[in-house]
Amino acid sequence: MLSHETACILNTNDVDAHVEIMIYFADREPTGPYRITVPPRRTVHQRFNDLQEPEPIPKATNYASTITSDVAIVVQHTRLDSRQSENALITTIAFAGDE
Amino acid sequence: MLSHETACILNTNDVDAHVEIMIYFADREPTGPYRITVPPRRTVHQRFNDLQEPEPIPKATNYASTITSDVAIVVQHTRLDSRQSENALITTIAFAGDE
Amino acid sequence: MLSHETACILNTNDVDAHVEIMIYFADREPTGPYRITVPPRRTVHQRFNDLQEPEPIPKATNYASTITSDVAIVVQHTRLDSRQSENALITTIAFAGDE
Amino acid sequence: MLSHETACILNTNDVDAHVEIMIYFADREPTGPYRITVPPRRTVHQRFNDLQEPEPIPKATNYASTITSDVAIVVQHTRLDSRQSENALITTIAFAGDE
């Protein structure tokens, strides 16, 4: 089974959430930002393997990610791989934006 | 095995907790609020499949939920499905109420 | 396999931590406090099944617990049962004491 | 399978993070600090079994750990053993340093 990582993002606001994902590695500069827009009062299940711009995320490399948004969101971050059971971590990150 | 999601709600206060659950989807407006009353100094294990008003929660749809209460409560939120192991997230949400 | 719940309590302080556990149920008054003393700079793995005073914790009953201490501690709370995989939640609870 | 514990440390800052790990036991004084430097904008996956200075971490002993840093970091702490499924806890600890 391929490892696949998913971020479930919930936007309970009445405006779009402009979300940016940065990917950090052990031995190279980070890549990103990968941009996602979550409509008002909606959830998005974003598979990291589907992130293509600015570059696909390497498949066999350990990485860490940060998720930021211009409005408060809730993120549930899930990783599945062939060895480990599900690994859930919950992060809420928000910063004041330009809107 | 059917997916079933449970919220274990703990009310350590000496008054009822009036709890509201909202369900958010990827492609439609949210549904709710689903209302639960947790008596003082009690726990409630609420299965989401048992929520019927204002409408049953769709079974094969991804969704996210928020849980709010008029007094401070502790919520342990658990999801089981046939593919993934247990997925636990803990949320404490409270806002000032009318009591 | 019997369900067994464990609290791993870490006291990084240079004084004893006096810890109290309360157990809450769905349909009766809570029981406790169960008292544990964690020495300075030590960890204690407390199995809930070993808590005997003021009364043993019922084995086949859903319950929730709160853990308080007179100095800041770290608690990792683990539950194992025959159906579910490991269910970890982390809580830090502290309040000012009489010391 | 040997139990092995890993800390995935993310440093999103533009300066080195000087990280210290302390290990606490049930029945002896804590050991440490174990020191790790995480370069700017990088992740480190540190296996606890690889920590050798000031002493190797005992393999068959329960312990707890604290992780501190001179700049804000994100730590995802994972434990695997033959009995339990994955046990994930996320901690962010930071304190002002001398830099």
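Labels for the chains are A, B, C and D, by order of writing; each one numbers its residues from 1.
Assume a contact is a pair of C-beta atoms (placed from the backbone, for glycine too) under 8 Å apart; a residue touches a chain by one contact, two chains touch by 3 or more.
This is a predicted model, so every value here is computed, not measured.
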item	value
Type of subunit B:subunit C copy interface by residue overlap (half), same or different	different
Turn needed to bring subunit A onto subunit B - CA fit, degrees, nearest 5	90
For subunit B paired with subunit C, centre-to-centre distance based on mean C-alpha positions, whole Å	24
Euclidean distance of C-alpha centroids - subunit A vs subunit C, Å	34
For subunit C, residues that touch 2 or more chains besides their own	85-86, 88
Touch list for subunit A against partner subunit B, complex	8, 10, 12, 41-45, 74, 76, 78, 80, 85-86, 88, 90
Sites on subunit C touched by subunit B in the complex	22, 24-27, 29-30, 62-64, 66, 84-89, 91
